[in-house]
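Shared between the two complexes below is subunit A, which has subunit B as its partner in the first and subunit C in the second.
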Partner chain A sequence: MAVSTPPRPAAAGPTRFLKRRAGRRRQWPFLLPMLPGLLFLGAMAVYPTVYSLVISFFRWNLNNPLGKQYGGFHNYDILLKDPAFWHSVGVTLRYVVASVVLELGLGLGLALLFFRSFPGDKLLRALLILPMVVAPVVVGLLWRYMLSVQFGVVNWLIGALGFGRVDFLGSPSWALPTLILIDVWQWTPFMFLIMLAALQGIPEDILEAARVDGAKPARIFFDHMLPLLRYPIAVAVALRLIDAFRVYDLIFMTTRGGPIDKTETLSWQIYDAGFKSFDIGYAAAFSWLMLILVVVLTTVFLRLMLRREDLA
Partner chain B sequence: MSAVTHEAAVRRGRRRQRQRRLTVVRGVVAGVMTLLFMGPILWMISTAFKVGNQAFSATPTIFFAPTFDNFRSVFVKSQFGSALATSIFTATSSTILALLLGAGIAYPLARRRVRGQQHLAFWILSLRIVPPIVVIIPLFLMLRNVGLTGSVWSLVVIYTYMNLPLTVWLLRGFFADLPVEIEEASFVDGASRLRSFFGITLPLALPGVVATALLAFIFAWNEFLFANILTGANTRTAPVGLTEYVTPVSVEWTNIMAAGTLVVLPVWIGALAAQRYLVRGLTLGAVK
Partner chain C sequence: MQMRAKVIRAALAMVAALVMLTVAACGGGSNNSKSTSSGPSGTPAKGGKVTLNAIFLPATWGTVVKDTLAPEYERETGVKVNVQLIARDAIHDKMATLFAAKDSSFDIFNLDYNWIPEFGGAGQLVPMDDMVSAADRQDFFPLTLKVATWQGKLYGIPQTIHPALLWYRKDLYGDPKIQTQFQAETGQKLEAPKTMAEWLQQAKFFNGKTFHGKKTYGWAAQAAKGFGNVHTWLSFLYTYGGHPFNGDFTKSTLSSPQGEQATAQWAEMMKYMPPGANGFTYDNVTTAAQQGTIATALQWSWGAFAVDDKKSSKTVGDWEYTQVPAVTAGQVSHPHLAEWVIAVSKYSKHAVEAKKFAAWLETKKNDVVQASLGGGDPVRQSSYSNVKLTKDKVPGTNVLRFRRLPQVIVAMKNAMPRPFFAGEERWETTVTTPLQAVSLGKESPAQGLTQSDKAVDASLQR
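Showing the complex of A and B:
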């Protein structure tokens, strides 16, 4: 704007005030393009969230001819006393924590490997990131095929190494770890890509100075690189946390919550309650508990990791 | 004196040699890791070209004469072709909508200091935290009330919503990257805000806009939960279409792998094209 208005002597008191008000009014047409998007977001975000909160206080099963009945905290009461609920919280937390930790470790390791260039690194990097864009439905089916006890290539491989065949997705002790490993397979590339970008953003002279001082590679990593990776790690882990929590497609295609209840995550149970039992009030209360859990965990994590200056 | 420099030269030579050896080791390890991550995908693609007994043998078939029968059966015997068409339609139209609505919010956020704009931006970002399963019941009831369940438009609406936080945050970053002076110069020439946006800002930010579009497309293309619940028999998207090869009686693995390859291929091309912006896109602009 400074260019378009020729320099004018500063206006005295009242005129200046008027001008500022006019300026504020002139903002409005400029904010107009925001309106459709904001209205749409409002309708799609606020209404469903509030609505789901409201129906969570009702006993409402779509199969029940009585329809909606106010139940107060009835649904929450049932849920919080139900061992199955706490079981699925446990399954989800184990899934989320194990996969995100493994992905961060592996991704960081891979990023260090690719940090200094070598012949062919661009091509390998382009190939390495592909698993994360494969639709989770395809991922589930593909691994189910590869992990098959009869004709799966994985079982053939471990057989060739001298181990016995394992029913990875059908055995109660293997099912959850297997799902975690599939998640690690798909999402390590995500961590890798972000960690690599972060590493490449570190000013070279910091590392060079440490090297001249005679620091060993491990020292350089822990003292000079890791502190600078705090922010990207926080962002990447928070995003993975949020996404791992909602795991559904993968389970739909592989274990469907089984064997028994070993892989019943929160998303899976809510889906079951809402779209198989049509117990809508109960499912809504369930979703709200899940939402609270996700928000609290993400906030606590980001509070621990981020400093004030990161948010600017 | 010369002995010292000689010694230093030898030491430097050794270090260079060690570094060269290290580069080779790194390349080999990286190659093995890449193979590990690519392996399953290569296996899927190769299985897509196999006949039944090659795909189901106890010892894996690595060398075989490829057949196109699976692809043929995917398109001829099943509805998968139309599922792909539905996917292309929903992903494309929701991407365009999300870009339009997103740009409308992003541009003022990037260019004007308005009170509370930081709060607004973070509110939009926070929508990304809500798990889809949490809003699916109210959204389902809402869309049923307006008669949109079973129609592809319900998915277009939901994917637009799903991708809006992404497009707003990414576009805001790309617009903010452009120097204000270029736009201001066009004002001097008498251009209106609107003309300067479409004539100057948008073309300059185009690579970023295209990358944003590709990412939004990928997310819409891969989505399953909403598609599974909201589509009817004639409006299935490709991920939902895949589930039809899995029946309680049998699983048509070779067809699944062919159809899966078809689902994955366009997204790969998109991801490779947007590679340079992938980090920025996946972190909603938090890491550049």
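Showing the complex of A and C:
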């Protein structure tokens, strides 16, 4: 049976269009106050981003009196064929994945500990978040001194326990794990705070109902708490993921990319290219490849974590 | 309707004002000067005062300028000089970004000489030839001027030099018990090493033993990734006769028999440094020397002031200085030269005044004043015979404070600069990684140098 569609009134289309236009005309003076903000955004975010994309196609060294020369995909071509680039991608991924996973695990564990109040919990909570408020440069310097082979307190303690001294920042096998642990020390409090706030937001009656049904603590956590923590975890991990990719100051203060190239991350190589060699075009191409990598990874992670309707 | 028109007009006026403000701010930004603007370059306007802005290294020669000489210059001339102290890498970054923006915020820069080809060649520094008289040219060490010159133009006034010297502990080398022990173990007499082989033998002897109540290591030198390991290794490379480049800096030539011998000797020596030495910076070497945990060191001549400082050193008067050992007895060695110069930005609005200040800092009198205040070794040959320096003693001792100076004069005859071309900073960044792989025993000298050659050639192509 054919279904007939009721005919549209002949004037409906143009009338609606005219009404919408009239509505917009009435609104736009009130949108004007947004213009300064939009201009600011354009000048501070959009323009530099577009500019960096443009210069990534140029062969441009700041100290070259010849200035910019269009090179097409020259910079990208060199980069993608450069083993040092792929090495730094590997180092960065290891650093990011290990530190974020550890921070999430520890942060969640600590949040569960602090979920129920106990004597002195407020003071402990304040102490726990201290590392997060210290500047990464200071954190790097602090740990460099504490981990010093000869004069560091950590090696002094290791020595006192009867073990040999460890060159944490100078040994090719120790340097990256040490940086990961420093990052974990500094940023676990961030995860902890988000997880604690999320846990405290879970309706008590859900947990109470599970308890009444005889669910054990582990079952309550995995079946009732964890699903409700999905969004906070997604947000916290995405934020830390993006931040961990940018690690630079910690490396600057501790290993400077060494020993050898064991801690040369993408950000470190971009700094070398941009500010040591002043290869601005090359550094811009490097930055864009890093941006693509971050966006791809974050998107994949969010797609895995969130449902289709959440993303929509 | 009228109300709406009013709202629109008000909003448009607001936006226009904002755009004008933004344009004005941006327009002023690139050539904005913190210097007190006062008429033509270097000439203070009537009743006005010129203020110069300078960036110096936060080493002693920078603090001497900031705390003593700049205030004195203001008293003498009325020209105020604001001095900011900024770390080496940050100076390099700042210069490039300021110059790219044609920014005139800073008039004077303290430069590591290897940046002269880079910034001088790009036309971002003001030639200073007119500030150095013929008599001055005779007085400055020739090498100090050579490395401040690019394509025939002098772009910096030399401020301080510090060629690498071999430091050795006089208290250990002069101890009869240790001398006997050394003779018994090696069959040799314990005296300051003249050859690389002797130095290695002595480093092995001292390493790990306890002398004068302290566990001692063979030697220390800068070895950290970055410029540290490259600068130390260069003294070995030059002494063994190696050259990093061909004549026109178009090809890396590290893989040579001389290069391999030098790198092998350096890597072997690295085994006799204190634990964690692969990350040693200038400060770490200084601390080790002050604490007396090393028997010898390859360190800048200027750094000697730190070990004679009673407040921080346990080895006051214990260190003596000599030349970097040669390959074989009777030959000369070629220490790596460090030098800092004072340059003036092309974008300075007070270039004439800035040049005058730079030249004033290095008058005969001030060269001595700077050295006596601990501001690095003098750049003028005449300063080396000035009694203010030659007779000065470490307070409370009979030890000459500037006992290193005769060795500095000798070192300046044979010292060699870093590869003097515009890509030197990039070159250091490139070779530091394979060199560290060699020093950590992860690669052989031959492998490390081959890898360096490849990486340098690739970066030259970029």
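Points worth noting:
Throughout what follows, the second predicted complex is superposed on the first by the 274 of 312 C-alpha atoms of A that agree within 3 Å, B and C clash if a C-alpha of one lies under 4 Å from a C-alpha of the other, contacts with A are read in each partner's own complex, and residues count from 1 in each chain.
Operating definition for what follows: a contact is a pair of C-beta atoms (placed from the backbone, for glycine too) under 8 Å apart; a residue touches a chain by one contact, two chains touch by 3 or more.
Model, not experiment: these values are computed from the prediction.
Of the two partner chains placed around the shared chain by superposition, subunit B and subunit C are both touched by A:Phe275. Comparing subunit B with subunit C, more residues of subunit A are touched by B.
Judged by the touch definition given at the top, the superposed model places A:Met34 against subunit B, while subunit C stays out of reach. Of the two partner chains, neither subunit B nor subunit C is touched by A:Pro177. Once the two complexes are laid over each other on the shared chain, residue contacts for A:Gln150 go to subunit B and to subunit C alike. Contact with subunit C, but none with subunit B, is seen for A:Ile260 once the two complexes are overlaid on the shared chain.
Taken together, the two complexes place residues 33, 35-36, 150-151, 275 of subunit A in contact with subunit B and also with subunit C. Interface residues of subunit C, counted against subunit A in their complex, comprise 4, 7-8, 11-12, 14-15, 18-19, 22, 89, 92-93, 96-97, 99-100, 118-119, 121-124, 224-226, 274-279, 287-288, 293, 422-423, 425-426, 429, 432-433, 436-437, 440, 442, 459, 462.
Put simply, subunit B touches subunit A in their complex at residues 23-24, 26-27, 29-31, 33-34, 37-38, 40-41, 43-44, 47, 55-60, 101-105, 107-109, 112, 114, 124, 127-139, 141-142, 157-158, 160-161, 164, 168, 181, 184-185, 187-188, 193, 218, 221-222, 224-225, 228-229, 238-239, 242-243, 246, 253, 256-257, 260, 263-264, 267-268, 270-272, 275, 278-279, 282-284, 286-288.
Subunit A makes touch with subunit B in their complex at residues 1-4, 27, 30-31, 33-38, 40-41, 44-45, 47-49, 51-52, 55, 110, 113-114, 116, 118-121, 124, 126-131, 133-138, 141-143, 145-146, 150-151, 153, 156, 185, 188-190, 193-194, 197-198, 201, 231-232, 235-236, 239, 242, 245-246, 248-249, 252-253, 266-267, 270-271, 274-275, 280, 283-284, 287-288, 290-291, 294-295, 298. Looking at the complex, you find that subunit A touches subunit C at residues 29, 32-33, 35-36, 39, 43, 62-65, 78, 148-151, 165, 167, 169-170, 172, 255-261, 264, 272, 275-279, 282.
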